[in-house]
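You will see two complexes here that share subunit A, one where it goes with subunit B and one where it goes with subunit C.
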Partner chain A sequence: MNKYITASLLLLGCIAYIFSSNDTGSSRVFVNLITFAGVYGLAAIGINVHFGWTGLLNFGHAAFMGIGAYTTVLLIPHSLGREGVVISTGLPLPIAIIFGLIASALLGLLLGLPTLRLRGDYLAIVTIAAAEIFRLLVRDFENLTGGVYGIIQFSDSLQVYRPNFVDVISTRYDVSSAQLWVAILTWISIVLVIIILSRLQKSPWGRALRAVREDEDAVRALGKNAVWLKLQSFMLGAAIGGLSGIFLVFNYGTVQASTFVPVLTFYIWAALILGGVGSLGGPALGAIIFWVIIAGTDSISRLLFESPDGQQLAGVRFVIVGLLIMLFMIFRPSGILGKKEELLLDVK
Partner chain B sequence: MSNNILSVNSLTKSFGGLEAVNVENFQINSNEITSLIGPNGAGKTTFFDLITRFQDADSGSIFFKNKNVSKTNSYVLARLGMVRTFQLTRVFDRMTVYENMQFAGSSIKNEGFLNSLVNKTSLRKDEENLIEKIDDILKMLNLYEMRNAYARELSGGQKKLLELGRSLMKDPEILLLDEPLAGVNPKLADNILEIISNLNAKGINILMVEHNINAVMKISDRVVVMAEGKIISDGKPDFVRSDKKVIEAYLGSSDE
Partner chain C sequence: MIEQLGNGLLLGVIIALGSVALSLLYGVTRIVNFAHGEIIALGAVMTLFFSSSPDSSLLFFDRYSPIGINFFGSIVISIILCGIFGASLEIFLFRPLRKNNFGNIAVLVVTIGLSIFLRHIYLLFASAKPSSFILELQRREDYFGIQLTPRNVQVLVLGFIVMILVGLFLTYTKTGKAMRAVRDSSDLASVSGINSDNIILVTWIFSSMLAGFTGIIQGVINNVRWNMGFLILLLIFAGTVLGGIGTSFGAMFGGFVIGVLVQLSVGLEFMDGHTEAKNALALGLMILILLIRPQGIFGTKDRIS
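Coming up: the complex of A and B.
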């Protein structure tokens, strides 16, 4: 129970920090932070299914997020590329999202089929490479994806569903109503996904995944198809990643190839490690703490540099996040909510 | 119909230039305890891996219950009734003893993604039906008290027992045990031998690799000796014990 007290205290500390360190527009900062934390948390839940449940090393989560986001956005009304070609017809958003999730899962299948028969390290290498290939293809197929100019003006498909109370709240607290709506939907999704996953975790399927994580050969010796179980887990985590990618681009209101750079994947891993590998709520909590740290490093940068530019900010971020992960690995390798008994140090 | 449950023809496997296994002909007759012995590096474990399809043979064929399984996947073979254990014990460390057993016993259908998602009543019923079987096996193996412990907390011997118990959840027709007595204290070893005999009496065929010669001679109906990848002797324990070729293989040539 102790760890839940720690988690609650940390969460309270994070919120207190946000409201105390920003005299003006603190609610704006809060909504911004909670949106990104939600998106990263959802993505981290996907990696947790891969790594925490099944022991699969996925270092290319950005590709799953990206393909889900691009598929969805391209299927709804949007405008594209350098010229801003307007495509005013498209599917309703919920259906487009379903196609986005399917696309992510299919990419998981495509990457998993040749690699999941091999040892874990191969999957890590292939996923890193696949994510970069995906990003470069998106950048170069400008006619289809808008390339570096990206896709804009697709947010309306989501914002037409925005209920009235969101506008009321956003006017009162002077925050962006569009972003608040994305934040609310993201966190609703997190709750739904966690409910579904908690059900799966206790089920025979979840148990089988854990067995695969522990020892694939023993799983096969007991008559179970380990490769198929790994594929299923890989596709499920990929689809969850796709959902988070969709929310990410609706939060930005635009999508370019540069949205899905490798560092996105590693930030999500950082959130997962902070929160606790293998636990259900850990990834979301880790994402909140991660984003508070990111906000905090910006004030530290201002102590170090008079007016820090983007490069200096990013540098300090890397140092602090890296240091924090090191400290966690040394003093609390199971993260904040992880189970010590299920500490994950080896990889299948 | 022959009464062979398992039959192997001209099975070979080489690693680089080394011929690890070259078995011309080998059968397991119904309801026997067969032991496979031989010096280190004789190819016993590789032979095991080939039979259970954990490794691909270079050539040769394997028949299980008169069905050609030379190209069958290892997990399919396990479903057909050929279940193995490992030389280095492989329990699911970060799962409890009970979960280890549950996983082994649960049906493939229940482990389907959709079935697990909707959590059907039939699924819950199947899971409940496992409880009695698990309890019986754990009691037989003296692991019942440990059922809620994580498998990694067990002693080496207990892990061997858990691996055996897990295999029994599959209701195997033939059980392949890779060194079931390795690293086990003499008292527990006697215990395991007794369990193996009892299983055999219940109709489960046993093929085991074991270095403890006394134990092997005591409980085996048949002893097969391997050296340098080939079967050099095969017969009743008394026959093998006095076979000159066996003594040579173990102690080196006596011609000098």
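Coming up: the complex of A and C.
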């Protein structure tokens, strides 16, 4: 129970930090942070299904997020590329999202098939390569993806569903109603995904997955198909990643080749390791703390450099991200909420 | 397509040297070192720092003035410093982890954190723009139908000599034999009186020096930038997987083939206008190899499952 007290105290500290460090517009900062934390938390839940449940090393989550987001956005009305070609017809958003999730899961199947039979570190190499391939192809095939110019004007498909009370709240607290709506939807999805996952975890399927993580040979001996179980877990986590990617681009309102760079994956890993591998709520908590830390690093940058430019801000952020991943992995691999016995740290 | 052959040979040598260093370290320590690329970049960044004249208008170090010593002297210093850096990584980070029975996956995640950490340290100390070593510009000349600058020919020859030396070192010296013994079976090696801790330390030093050298020739051929290690690392992985991860000559061969193929693919018709996609092609090839022959061309089956 102790760690839940720690977690709640940390969460309260984070919120207090946001409101005390910003005199003006603190609610706006709060909504911005809570949106990004939600998106990253959802993505981290996806990696948690891979790593925490099944022991699969996925370092290419940006590709799963990206393919889900691009598929969805290209299926709804949008404006594409350098010339801004307007495509005004498209599928209704919920159906497009389903296609996006299927696309992410299919990419998971595609990457999983050659590698899941092999030892764990091959999957790490292949997924990191896949994320790089995805970035290069998105950049290179401008006709399809808009390349570096990207895709814009697709947010309306989501914002038409925005209920009235969101606008009421956003005018009262002076925040962007569009972002607030994305934040609400993201956190609703997190709750739904956690509920579904907690049921899955207790189901025979979830037990079989954990058994695969602990001892694959024993699972095989019981007549289960361990590779197929791993593939299912890989596809499920990929689809959750795709959902978070969709929310990420709706939060930005645009999507370009630079949205889903491979480093995005490492942000999410940092959030996951902070919150706790293997726990259900850990990734979401980790994402909130992670974003507060990121906001804090920007003040470190201001101490180090007189007026930090974007490069210095990014540099300090990532130095801290790298340190966090290293230190937590060495000294507290189970994070804030995780259980140590739920961790797989040896190559199978 | 033939006009790309010169560039292909150059890239092949870079990736072959990087692959053999990565693969040797993996074979002996079982660490998939994602920070390998950052050690490669370290060699190049330090050579640039030592060799550029203090008053040069180099954008790379906008807060620290370069030292400005002789180019070859700075190469030697940088390679030695890379070796020291590798040794300190082993002594202060990876040896304590090994003694505490850290699993391979935990160590892999640690190397990823280390790689992000180091790469952005370079970014903070340097600028994001690519820079070149202070060397005079040279015109390309014709060597047996291949267009190369005289300096790149020297680099090519030097790279091949280093590869042969690495091969001789591993095959004939006592240390090289001990490294291969630990790689094949660390238990049997220690039974025969080999101190595996020492061999692992030597491997870290050797691999880091080789990586630093790789970075320097990459800097001579192309340019020096803070994230050069991460970009080349993925191709090095592709080369290592092709040749067989854990092998030395296999990795060398695989790296060389990947480098030449990547560069030759630029000349293909369907690649026209998609210059960036050449790396995607190499990585796609890697995934294909894993599907067909996961142990690589020269690898053995026991390493993979």
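FYI, the second predicted complex is superposed on the first by the 340 of 348 C-alpha atoms of A that agree within 3 Å, B and C clash if a C-alpha of one lies under 4 Å from a C-alpha of the other, contacts with A are read in each partner's own complex, and residues count from 1 in each chain.
Here, a contact is a pair of C-beta atoms (placed from the backbone, for glycine too) under 8 Å apart; a residue touches a chain by one contact, two chains touch by 3 or more.
All values derive from a computational prediction rather than experimental measurement.
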Check your understanding: Is the arrangement of subunit B and subunit C around the shared subunit A a clash or a fit after superposition?
Key -> fit
Review point. After lining up the shared chain so the two structures overlap, which partner does A:Val319 touch, if you call subunit B first and subunit C second: first, second, both or neither?
Key: second
Check your understanding: Which partner does A:Gly13 contact after superposing on A: first (subunit B), second (subunit C), both, neither?
Key -> neither
Practice item. Applying the touch criterion given at the start, work out whether A:Ala124 contacts subunit B, subunit C, both or neither, answering first, second, both or neither. Key: second
Check your understanding: Does subunit B (first) or subunit C (second) touch A:Glu214, or do both, or does neither?
Key -> first
Review point. Who does A:Glu132 touch here: subunit B (first), subunit C (second), both, or neither?
Key: second
Review point. Is A:Ser203 in contact with subunit B, with subunit C, with both, or with neither (first, second, both, neither)?
Key: first
Practice item. Mind working out whether A:Pro92 is in touch with subunit B, subunit C, both or neither, as first, second, both or neither? Key: neither
Review point. Which chain, subunit B or subunit C, is in touch with more residues of subunit A?
Key: C
Revision key, fill the gap. Smallest Cα to Cα distance in angstrom from subunit B to subunit C after superposition equals 9
Review point. Which residues of subunit C touch subunit A in their complex?
Key: 30, 32, 34, 97, 102-106, 108-110, 112-121, 123-124, 127-128, 234, 237-238, 241, 274-277, 279-280, 283-284, 286-288, 290-291, 294, 304-305
Exercise for review: Over in the complex, which subunit B residues touch subunit A? Could you list them?
Suggested key: 52, 54, 73-76, 78-79, 83-86, 90-95, 99, 102-104, 106, 108, 110-113, 115-117, 119, 123, 127, 150, 163, 166-167, 169-170
Practice item. Mind listing the subunit A positions that touch subunit C in their complex? Key: 55, 57, 59, 111, 113-115, 117-122, 124-126, 128-130, 132-133, 136-137, 139-141, 263, 266, 269, 273, 311-312, 314-319, 321-327, 329-330, 333, 344-347
Study note, to complete from the structure: subunit A contacts subunit B in the complex at 196, 199-200, 203-208, 210-211, 213-215, 217-226, 229, 232, 236, 341-342
